[in-house]
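Shared chain: subunit A. Partners: subunit B in the first complex, subunit C in the second.
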Partner chain A sequence: MNTIWALAKVVVLEMVRRKDFYVLFILTVLLTATAGSVNLFNDRSIVRYLKEICLLLIWACGLVIAITCTARQIPAERESRTIFPLLAKPVTRGQFLLGKFFGCWLATGLALLLFYIFFGLVSASRDHEWPVLNYLQAAWLHWLMLGIVVAFTLLGSIVFAAPSSNGTICFVSAAGILVLGRHLNKVALSLAEPLQSLLYAFYFALPHLELFDARGLIIHGSELIRWDMIALATLYAAAYAAFFLFAAWLVFRRRPLN
Partner chain B sequence: MIWAGAFPSPLCPKPTVETTLSIENLRVEYRSRDLGETTKIAVHDLNLKVGLGEVFGFLGPNGAGKTSTMNVLLGFVPPTSGTARIFGVDVREPIARQRIGYLPEQTYYYKFLTAEELLRFYAGIFQIPSKETEQRIDGVLKLVELDHARKRQIKTYSKGMQQRVGLAQALINNPDLLILDEPTSGLDPIGRMKVREIIQRLKGEGKTVFFSSHELGEVETVCDRVAILHQGELKTEGSVNDLLKEHSSNLEQIFLKLIGYSPQP
Partner chain C sequence: MHPALPIALALATALAAGGRLLLWQQSRTQDTGSVFALLLGESRRAFAAQVFLKADAYFHRGFYPSVFDLALPDGKTHMAKETESHNPHEHTQPQHPNRDWIETFGRNFYPSEHRHIERLGEAREILPWLRLAAELDPHRVDPYTVAAYWLRERLNKVNEAEAFLREGLRANPDSYEILGELGRLYAENQRDVPRARAVQELAIAKWIRQEASKPSPDVLAYAQILGQLAALEESTGNLDRALAHFTRLKRVSPAPDTVQKRIDELQAKLGQPR
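Up next is the complex of A and B:
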């Protein structure tokens, strides 16, 4: 566990010392602050609409941070050859992958925390409400969703050589699932066999990232999600992340390092 | 001696066997991806033993199979056949690398980290307790004369400093065996002298050093024994003094003769 933690800490430190996270954060802060300052005719629906835009921005930034941070990890280790002195230590390839996964997930989580705290402060200054539990549930589900994204991006970084192509594929896949994932079963109904069965199988095999979208809790102040449902969502995310990490290990364990 | 005996650790017990490193019938093959290309044999049935406390020079021209052998020893490449053991443990087991230090030919480290952070990271991998980690960091940074630059990011270091931080990371676990891949490559004469001094100091502390080099004069100075490899095959192995006596020549001449090099008229 110490080895995994040591590897994860280096990933977090790398993100802290890189500039791209700060660019995204400043951009979001500027847009959120601009949106938060608008309150036309004291109309609450406009405030909600602006909140929706800001949260969408946070979701997009979360995806960008998770995917770009993860996609470059293994290719950069191989290109700069830092993987050699590292694997010359008592580190297994499985520990290496887990360290990278937890590092990227943790780094993404820290970025999310900062985004949500800032957004919460701006919202609270307009609404004069502090729905802490709503924020907690929404942010936790968001982070779980990014855990799945980090795991499949890590798998992609072993399969695809270039971080840019992996990043693009992962971003399109994640956005595609978020937007279209819930409609695939309806599309399948309109198809003839065997396409119908194939699409149904695909629908059930896909990690349904859209299930983790609980922005309504913050935008509309909806009722809290039952905690047993949150636990179930946590297990669902853990299962998919474990599946992608296992696949990544299977590919990586015999792969030449250079 | 700055740090000799300063790091007793239950994780790095002293060796109880006389042989530090043993290679038996090692064969390494690479399959070519090109159509019509045959399998390339990088190492051909290599047998080698390195004793405790020896400084062993692993020599050969480019493409001789030195790096492939080192890659097997470090667990980067599985052997096609044969075995390699470090302190009696098969090199395919990650635990075999608990008591070794490795210095790559070039500086391959996280350049956004400071020397101190890099060493702390590697110490974490070896699960060295935090109090002991700080002592070891102080010790190795003094040894490689980087104490003054410990809080600077590695990307700001000169090549010589980067090579020395590499040596520091190879020593952080107080290893009993050091595997050095061309440790003086690309260094200026002062840098080379410093690395040579460190190797001799480590030898004085009873460490085993296994290193590849093209600097044959240097090898002659610091090594107890050498092995010369050519086209994946072991051409000779023995004590430097015995080889010099046997051939009545210097190591460079012996090397050139064994690899079949004849200068153009």
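Up next is the complex of A and C:
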């Protein structure tokens, strides 16, 4: 456990040192401030469009941070040849992968925390309300979703040759699932057999990242999500993340390092 | 050949082409000032339709059928229907039962109940999307009329509603819908009867010019403008003119019996035989 934690800490420190997060955060602040400065019929209390824009930016930035941070981990270790002394120590490949996973996941979690604090401030500045539990639920679900993405990207970084191709494939896949995942069953039902069964099977096998998207609920001030549903979502995310990590370990354990 | 010659030739060609492009751009007077027109070109009209639907989704507190779900049979949004009828719309559209466990589970994480904006001030939340729809496609009329309705009816922002309608009128000078809404604003909110009458009559003239010869004219808009004008004349004591408008209204109204009752009442007031 100590080994995993030590590896994870290095990843978090690396993200703190890099400028990616700061650039994305400043961009989010600037774009949200620009959207907020628009005069809409002399009404300063209109807030939901601002929440929507801010959350959209947070979701886009979250994906970018998670994917770029994860995609470069193993290739960078290989390129700088630091992977050899690392794995020569009593560190198993499984621990190495878990350390990288938890590091990237924690790093994205820290980034999300700052993003959601900013979102809360923006929202409170106009709404004059603090539905903290709703925000916590949304942020937790968002973080769970990024956990699946991080695990998937880690698998991709072993399978694909370059971080850029892995990053692109992961980003397109995640965005595709977020936009279309919810509707694949409807599309499947409109198809003839055997395409219908094939698409439906794909729909069930897919990690439904869109399940973790509670933006609609917090934008429109809906009630809290039931806690048992949050627990189920956590289990769902943990199962998929474990699956991708196991697959990554299976591929990585016999792969030559050079 | 001197090496400066091809460079001079290229520079002259670039200047000539640039000048020509500038003249061509200036000759296209419409919409070129908008940032969206510059960035998106004609494709912004497609975005405008989506943004307008977004406003309708906000009206339903985020619950809205996607393109994969049922489209509204008459192509009109719920928000616009309420604007037309001034009554909360009825929903005949059945909600689909969940198709599988993922759909059932997923409904916990997004707005999945059909609800409308309830609190009085909440109506303001749809306005940014209507504004954006109008920016994206200034020749689309419904963002102007719908936004003006909500501004004056629910938010008591009559001046802003008028300014937005005038903006719409500048982009769509022949729109009877915008003129009708503007007339309603003058009549109901500003109590400016002569102005309201003039604008409503202009709206009717525009409607006749554009719609009367069509195989399926927009009779609903015509009936609404006529109804408003008739009520305006009746309230100001011009019973003859009110009677004339109600008689025209009866021909196109979906409820001619109700209109006939009003005609009877007016005729009784005028003391004329039936």
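Structural remarks
In this text, the second predicted complex is superposed on the first by the 248 of 258 C-alpha atoms of A that agree within 3 Å, B and C clash if a C-alpha of one lies under 4 Å from a C-alpha of the other, contacts with A are read in each partner's own complex, and residues count from 1 in each chain.
Keep this in mind: contacts are C-beta pairs under 8 Å (C-beta built on N, C-alpha and C of every residue); 3 or more make two chains touch, one makes a residue touch a chain.
Here the structure is a predicted model, which is why all the values come from computation and not from measurement.
Judged by the number of subunit A residues each one touches, C leads among subunit B and subunit C. Legend: residue contacts after superposition of the two complexes on their common chain; A:211 is shown touching subunit C, with no touch to subunit B. In the superposition on chain A, contact of A:13 is made with subunit B only, not with subunit C.
Contacts of A:3 after superposition: subunit B is touched, whereas subunit C is not reached. No residue of subunit A lies at the contact with subunit B in one complex and also at the contact with subunit C in the other.
Chain contact summary for the complex, subunit B toward subunit A: residues 74-77, 94-98, 100, 102, 104, 106, 108-113, 117, 121-122, 124-127, 166, 169-170, 173, 179.
In the complex of the two chains, the subunit C residues touching subunit A come out as 58, 61-62, 66, 68-69, 99-100, 102-103, 105-106, 108-111, 121, 124-125, 127-129, 131, 147, 151, 155, 157, 160, 164. Within the complex formed with subunit B, the subunit A residues making contact are 2-3, 5-7, 9-10, 13-14, 17-18, 80-92, 256-257. Only residues 38, 40-43, 45-49, 141, 182-183, 185-187, 189, 203-204, 208, 210-214, 216-217, 219-222, 225-226, 229, 232-233 of subunit A touch subunit C when the two sit together in their complex.
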